[in-house]
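Paired with chain B in one complex and with chain C in the other, chain A is shared by the two complexes that follow.
Here is the complex of A and B:
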């Protein structure tokens, strides 16, 4: 009897192992660890079912975030990829802008890279608290829009936002520079104790500052320069 | 002369080698259904292209590379690349369109989106060939001159394939791109997004080293797909597009290429010369092809059969198959020879027939603008029109807003799908008043079914209901959205057996519409 598969007797199709498999798997593992860390943070923060912005809560959340990310080997690109995983909802069914932003800020502050670029223009939602407590020597460039409390408690770092930010930009910052190419929201520079905020377009409202300077379209509008 | 002889000998040798190499390559790729490749001379540095599934190798490129590598190796590598595009990525035009749409969404510029999509597909295809099909592509990439951009891609290949391609440069971009799971088909869209984010700075650089022919493998246009594939792909893409705007955005960018493939997208039949396409109209035409509404036939006065009725003199321009030589004095002369004139039988036949259809569509301000968002009214009207056309009937369209004030457009009975959709997609955005005299005049003159689709927020709704109730035509009324006017229409039409009312709140409700049904169905609320 004729075997129609006779021609394929010697046919061997061996898939070759490529380094790509290990590289992709390693990256997925890092993202998985970051996601688990975020899950732990959210679990901790949502014990009271509601998360609202309150000074001590934010500090506690940042402290928890710093603890959960210890031991994770990630880089600046992983942070951006993690933001998109958060936004897509795959594997992480909830994105709560406040804790998520604090978590991302903790990741930025503790990465070994000094220059971090986050291309967030394609995200459906904006994250709050980006650049929170960014220390001296680090620079964070955000391509796209950022949410509320961008650069709050800035500690000497440099933040560059190519889009717009929300309210409370630079709240409580002590040093450093925030550059926003488009416009920002209300209470800009509230509780500011130093540093500079440069806004390219409109400022919806200024906050009560202790020190520091705010510029709009290159012209000083508030702060030490006016005294 | 000797030179020419040498060249033609070389070409014959390459052709012979191709005939030897092709069966083995095809076997390695598990016998894909594509025709035998051929050579073509092209002075550009592009190695190959694909047209209607056939791989066309650049003879000049092969000759150049044959001086560095064995010709068989060059041919195998190029064929591996071409076949991988067919068997792996993008596989079909539908996937290609999805890639392009996603890239366009991120990059917001057609040219950049095309480049990014082409690069991504090349990387996936090459990596698949190297991993699964023991391809000699690494040897090809290691040899020959490279553009600046090719250096980056080769560095990436060096890292992800684990082979030495002689590329010293490995920067942050390459490290980032190397972590993308290119071969995981389920994650292609996410991978493409990551790839674009990684490669974007290079693409956008003012003095970018990315020329139009960014790599030796050339651009990936639509010429590699068959016209039938394009039809199907547009249909799928219409279903998956987020909005008519996104569909129009992609189709308008690729319109030139569609025309090049001689795609007559207006009629959607894949024939004839290409013509400029109204992308919005095309969107609804393709989307409506995904639905088939059932249609009930009815007994009609005409039997549907044509029978010879009377004679008239024959002229040269008229067909000769109906000539009657017995009444023509045996002569075939214009004016003397008689031709049969056929008429439809007036017997009240038992055979059911599909009547024509008058589609009345509301495009007032309360209805969705079909250009910006998916309009269920236009989609429903299109599905109904297609259903009647498939049953060899004719369709007329009456698009109204504030008809007494001139906000209406009427298309007489026709079988031209393109014209029907053109009128359906028209959006007035004004008030809502139906010119009942005009509409019922058309309906009464013919035995046509009436398909009315509206949100029932018609100013003269009561007159409309009473006028339709008095008609003998079958009326299928579809109300879009939940509005109080629909309840009034439903209550008024309960007693009329010739009126059926359906509700559409999402695209899942459209297949539930039964055209010309004899009983009234209460709409879902």
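Here is the complex of A and C:
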């Protein structure tokens, strides 16, 4: 006998998820991969309970971070979300500001997006080394405060911090521009070899610069402009 | 000629008519393209051998549209098309419409029928059908239903034909077209006022009919039609003259047309188009709403839909009659033709929704309450098409909300029908109840 529903013989009711669920699942997967990458970096770096900021150690940590993030498909939004995952401490055992900041800096430097915005105003802790080695063509806007060594070893990128930064801002930077809308700490521009640091308000102390310029409230305070 | 070339030829015909013969505004959008519904559906009717009722105010091109399209699609000079037209008036007789006895032979005791041009030619145009008394309307539509004409003891068979009937809006001189007769028309379209700019253009191009006239060939055709020959011989004679006219069109207007074999191929291609699952399920959903009655088993025009029924939110509550089996046939045939014409690979919901209002408009008998609610709506369409369009849009919205569920219900229906011990998929729509009925699980 003729089946009147013959045309639907091949219809398979696919369990179709909501688009938002699919997006959330993809997002969770990326954050999971970023967290695993950070875990590997921490494993490598935590030889002792204290993480010392030594030039070679920073370079090594950055190298490791660059290696562990290879192959992860993330974007600028994922970096911001990862910062909050770090801050919340869920799923990530240790937030060590140094390696964490270097890891975030490596993520910023290797994302395909040229403009990165990190809204970190609500974070409980500040991350160090944000903007470390930011290359030419990239800009990083930090909404909120950043920790020590912000924009250190900057390589031509532009950093804009809406809040304040800690000590050693722009340390060893070779080129680029750092704008801090509020204050910055001691040793600002230490070993600076080029580029500009613009500070909106108070600078607690200037570092020993080789070249470059530092401005405070629009006025030059250090560097080759004064010579 | 390969597939795309037939379509190209038909497109050229549409464009030619639109730019040289029938000036009017586009009023439907399909596949991102704008078309004029009267011209589009007239062309599809001629191509598929359908039946179209063209309504409109006097002098707005109802008959003209049919004449131009028929002339070009069937390669007949427009003068011959005019000669074969039946004009609707109360004194019209069967002898003038279908055929008459050969009086000369009758005097010698022999009965032989002289068939009218209307019967013999594949193009059948009835001008002002609603001025014909209902019995005469019925006579024409009976013949057109099967292409089978009878007079005395003789029969004339049309292998290929289409029908266009025009009708003015109701006035003192018109009769009603009764529902069973209306149902035989595949589509209802309105030839509407083209707007002042196009109307002005018409005044500038008064010689346009001359493009499709050919007095010599018209005379030849007339002689051929008068001849007492076997049907097949006559058909080949007409085909030969049509070919001459096609050559004339090609030379004078650079216009390709379709011969009989090509038209047959076009119909084959159109018929081979398939509906995608959404178009299929949507059509079933629409048909369910147009025929369902929870209380009485199905819609019947002599039964009243009571208030308080669970299904009062569906179309069935607003209708007085039941959808006939001719509705899905028209719907699918025209949607297929439209998909073919617009180069769609499958017939989708878009095509069903595009043809739906024109297939449903003349068939749906809405309740007075529903009519009084919607007749004052702001609209561009005549009321029957407007109501049908609204109804189809409403069903489309419901389909959008439960498309996957409806398809799952139909797929489950398939499996239950095959004997699998499954539960039917239930939901709040007449279609779910109809599926249960198909599976003999409900009265």
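A few remarks follow.
Here is the rule we go by: the second predicted complex is superposed on the first by the 209 of 227 C-alpha atoms of A that agree within 3 Å, B and C clash if a C-alpha of one lies under 4 Å from a C-alpha of the other, contacts with A are read in each partner's own complex, and residues count from 1 in each chain.
To be clear about the criterion, contacts are C-beta pairs under 8 Å (C-beta built on N, C-alpha and C of every residue); 3 or more make two chains touch, one makes a residue touch a chain.
Small disclaimer: the values here were computed from a predicted structure and weren't measured.
Taking chain A as the reference, the larger set of touched residues comes from B, when chain B and chain C are compared. In the superposition on chain A, contact is made by A:84 with chain B only, not with chain C. By the document's definition of touching, neither partner reaches A:141: not chain B, not chain C.
Applying the stated contact rule after C-alpha superposition, one finds that A:26 touches chain B and leaves chain C untouched.
When the two complexes are overlaid on their common chain A, residue A:6 makes contact with chain C while staying clear of chain B. Contact with chain B, but none with chain C, is seen for A:122 once the two complexes are overlaid on the shared chain. In the superposition on chain A, the residues of chain A contacting both chain B and chain C are 11, 13, 16. Only residues 3-9, 11-13, 16 of chain A touch chain C when the two sit together in their complex. Listing the residues of chain B that touch chain A in their complex gives 27-28, 30, 105-106, 127, 130-134, 159-162, 172, 175-176, 178-184, 190, 193-194, 197-198, 200.
Interface residues of chain A, counted against chain B in their complex, comprise 11, 13-16, 18-20, 23-24, 26-28, 77, 80-81, 84, 88, 90, 119, 122. Across the complex, chain A is touched by residues 275, 277, 280-281, 404, 407-408, 410-411, 413-414, 417-418, 435, 438 of chain C.
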